[in-house]
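Read through the structures below before going on.
What follows is subunit A paired twice: with subunit B in the first complex and subunit C in the second.
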Partner chain A sequence: MKQSSHGGSPARELTTWFQLRRWLKARWNLNLLLGVISLTTLAAVWELGKPLGIPLISNVPPPSEVIVAAQDLLTSEQYWQGWYLSLQRITIGFIIAQIIGIPLGLAMAINRMTFDTTFPVIEILRPIPPVAWIPISIVFWPTREMSVIFIVFLGAFWIVLLNTIGGASHIDPSYKRAALSLGSRPNDLFWKIILPATIPSIVTGMAVGMGISWEMVVASEMIAGDTGLGYLLWLSFQINAIGHVIVCMISIGIAGYCSSAIIRAAGEWATPWRRLF
Partner chain B sequence: MEHKASIQPVEGGEVKLRNVTKQFGEDVAQTTVIQDCTFEVERGKFTVVIGPSGCGKTTLINVIAGYETPTSGEVVLDGATVSGPGPDRLVVFQETALFPWMTTLNNVMYGPVVQRDSQAADIEKKAHELIELVGLSEFSHKYPIQLSGGMQRRAELARALINNPRVLLMDEPFRGLDAMTRQLMQEYLLRLFEGSGRTILFVTSEIDEAILLADKLLVLSRAPTHVKATITVDLPRPRNLEMLTSRRYAELKSEALSILYQEAVSAFAAGSNAAADLVEAFEQRQSVQGKTDK
Partner chain C sequence: MASPDTTTALESAAEMVSVRYPWRIRVRRWLRSPRPYRAALGIGVFFLAWYLLIDAFKVWRFGELPGLVNSTQEWLSADPIFGVSLFTAEYYRHIWTSFARVFAAFFAAITLGVPIGILMGWRRIFFGLTFPILEILRPIPILAWIPLAILLLPGREIPIIGLTFLAAFFVTILNTLLGVRSIDQVYFRAAQSLGFSQSHILWHVIIPGALPYIFVGFQIGMGACWFSLVAAEILSGSAGLGYKVWETYYYVQFPTMVITMATLGLCGYLSSGLVRIVGNRLMRWRAKLLAGV
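Coming up: the complex of A and B.
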């Protein structure tokens, strides 16, 4: 008896909880609510950091100041020019990386000679982090603009190259055999079998490469640039406008997220056979 | 099930293997997979090759298809030595080799499109006929990932048939399908090809499937493989699954199994783990039969 009555009450509590959940779901999306709660908590702790004297957090300007800084920045021409220039550098560097990386990767995967001649050079250069290239890039390229684009290029290049080589050299041999049996010429084999079979790996390489490109554009603008979001961030820091620094950080985050979303959407569009079932 | 289209006979299709040997590797690391293999695939017949697992069945198919060159000996198709893959000998693979990035229709059209000797409209018409023949009309614009295992094999069959291959090489095509689908596919294959006069070389490791389909059963030895025995399967056609219970079927199965058993025993003695399962299964079978006979 005792056991059963004991077992009854948590079950009732559970039912009430489920009812509450259903009620919440009907009126408000629960996930959204939880998201709002956690963000509000973050903002509250951050805002109250200074008045309450919480160590470390009080070193950072509170959200109210950041909002003021945002109003200030969002109306300035320099900020929007920063967006424009950073995006331009990303686009140019990233596209050049694809134009060179994808065909080179395919050639290296298909042709033994190309692989054997190119691979040693690549294996020596690849482990060097792109940021380490910044000084030599400034010396090498005639303009700062070119050296920033070059660093962005490096960030995207290695990853798309390696993904293309990996994808193209690990195609299921039965696809190639079937294609050969069915009478494919070398051209057909490349355009109709090897290329489409490699696209998923290329897309993965592009998505990861896009993330690295944003890291590189910020780093190289800080060091070598005189415009762009990364430069604006660094400039704001140097004039001690920390609110502006935070607005720049958030802007770069948004820009990176949107760029990756575009790559993912393009990837899904290019590989319709993978998203269906 | 009635089919509007049916399979037209093609000319030729006689395959002869003359002392084919295939070795891989060099010097110390050299292994011989096929040793002095000689047999004939008769035109218009259903020839089934069965052998213990790991004996080199797939290598044999690869040599006939032209993916591998024999170390010595030759494969002859209608009097001409085979020298590389071609649409006159098409392979239906173990796991599906449909191109995942093409719809069923584009997969089926692939052969004639790359061979470039017919008009696009004709190719598409012919492809639709064959897709209907294999019962996939509703799925002609779907991608392989959207098809079930059995549908994928049928699509692959259509992709091969559109080229009118002189010989169809089927390398354990129903492997990986569940038992029920497998049986349905076997019956389907019988309905499709009985009386069509097509030449088929079918490789399997499943004895029931082998006898159900075969006109002639080639039992392979353990690796390095060669033909150990040839059994003529004289069950009447058209065949159906009920024949698996007939007396003649049991005799044929017994005959084939005892040869496979001997091969497995000697493979086991030579250190093959794969063979151990077969030896054990066969001995159990013998002891059960012994009890029921008494």
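Coming up: the complex of A and C.
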């Protein structure tokens, strides 16, 4: 038994081939290979769109020009200033949305009266797309900065609120009954059962809300801003620097992706009991 | 985008199961419960706050905003000051333009998105080829595509529809993919051992199994459509509700701005409701399944 596992088998040449095939067949590696193939094809089509005269794609600068534009943009101060300002707006608006949204959601889930009175109002306001609030928030808030932050807040607020309500109102009632029969007071019920059980859906709401926040910061900077990554994107478009537009798009994509990833990581850290699954 | 709403399909199905009484009994029960009165209280407080903060006392910056009385009068007036009310043709022209764009984009997104999503969930090679592209494009906010859409697509109308399409497209693909992945592998094996052909597997295993997720995707996608439609119309439109919101801001016609915002909310609500109703109709079997019939 032991000898055979030491690899004294006659079909030695075949094993390397099998190993290679197994390596290729292992799902992750196959996906990696396919991913490389598809992304290279995409880049090639994009690069060759102009010389080959493919319609639509030939209107966009190829990757080589985008790289040149990136070198240009990454060294400019305006670009990093844009990052800083957009991130600042996101952070402030997003945190305010959590500060208001999470307690309100928990209150609505716990107290029937709060839910019954507040929910209809939310149902009236929520279907209005946040972008449609941009003009009215410019009118209302004294500075542009505040109106951008308000729009970011609005984008994250609804989804966090709804997720908090959803999470807190779908707790298995037998947990509450068990706690009550073991002598818990309402206070314990909230801190030991309702809050921990709601954290996962709060985190989901926050991660999705972060995505919407980035949408909103881009929209409001494009429409109403005079600084930030979204404004830089729109400005580059207006001065017809399409390479810069693409660099801005990629930057915003990276920023949004990283912020959501950070929130998900923080959520996993905050809910250690879920790591097993 | 999918995860928080994944339960909604289940919930709505469960709701259908529990509500089996004729509507008259349901209405009577509802009226006897405290809920409608509390709702009326909440909505009343909201409108009262609007009236007091803006119309009556003009507290702080609220004085700048359009008042409740003004906006309502404008909306119901046969001869509105700023030219848009329930009785003017222009109002319905903007509604129609926006609706037509949203529905064109939405149907394009679902006719393309569902097959792609199913293939991605079903065929490993296809998944490996397309998923990286999707993952690279998806984090870019839809609104950041506006310049490229204007540049790539011809005319003024097609870029707006294209952006609206993009918003629903990613959501539909992702939710369909999740839906196909959520199907228990046992069903596939059972179907294969019973000699199902590929098309049978598609129609009798994959589509019914993924349908709840697909419809959740449709609902989120419909919301996303309205959302990006407004932004696209503000930045490059010449008609439609989103354009009107911006135009009324530009020409300081604030009561009309509120009317347009309310109309946008209503349109979004109605179209999501439509998707939900169609979904519930198509998934009646699921309600029975959940009820244990």
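Please note the rule applied: the second predicted complex is superposed on the first by the 244 of 277 C-alpha atoms of A that agree within 3 Å, B and C clash if a C-alpha of one lies under 4 Å from a C-alpha of the other, contacts with A are read in each partner's own complex, and residues count from 1 in each chain.
Convention: a contact is a pair of C-beta atoms (placed from the backbone, for glycine too) under 8 Å apart; a residue touches a chain by one contact, two chains touch by 3 or more.
Quick caveat, the model's predicted, so the values are computed rather than measured.
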item: Clash-or-fit label for the pair subunit B, subunit C on subunit A; value: fit
item: Partner chain in contact with A:274 - subunit B first, subunit C second, else both or neither; value: first
item: Touching partner for A:175 - first (subunit B), second (subunit C), both, neither; value: first
item: Per-residue contact with subunit A, leading partner among subunit C and subunit B; value: C
item: Subunit B versus subunit C as contact partner of A:42, first or second or both or neither; value: second
item: Which superposed partner A:245 touches (first subunit B, second subunit C, both, neither); value: second
item: Contacts of A:51 with subunit B and subunit C, given as first, second, both or neither; value: neither
item: Partner chain(s) touched by A:119 [first = subunit B, second = subunit C, both, neither]; value: second
item: Closest approach of subunit C to subunit B (Cα atoms, Å); value: 10
item: Residues of subunit A at both interfaces, subunit B in one complex, subunit C in the other; value: none
item: List of subunit B residues in touch with subunit A within their complex; value: 65-67, 84-87, 89-91, 93, 95, 97, 99-102, 110-111, 114-115, 142-146, 159, 163
item: Residues of subunit A that touch subunit B when the two form their complex; value: 172, 174-175, 177-185, 188, 192-193, 196-197, 199, 271-274, 276-277
item: Complex interface listing, subunit C residues touching subunit A; value: 1, 3-4, 7, 34-35, 38-39, 41-43, 45-46, 61-62, 64-65, 124-125, 127-133, 136-137, 139-148, 150-153, 226-227, 229-231, 234-235, 241-242, 245-246, 248-249, 254, 257-258, 260-262, 264-266, 268-269, 272
item: Touching residues (chain side subunit A, partner subunit C) in the complex; value: 27, 30-31, 33-35, 37-39, 42, 56-57, 59-60, 113, 116-121, 124-136, 138-142, 159, 162-163, 166, 170, 201, 204-205, 208, 211, 214-215, 218-219, 222-223, 230, 233-234, 236-237, 242, 245-246, 248-250, 252-254, 256-257, 260
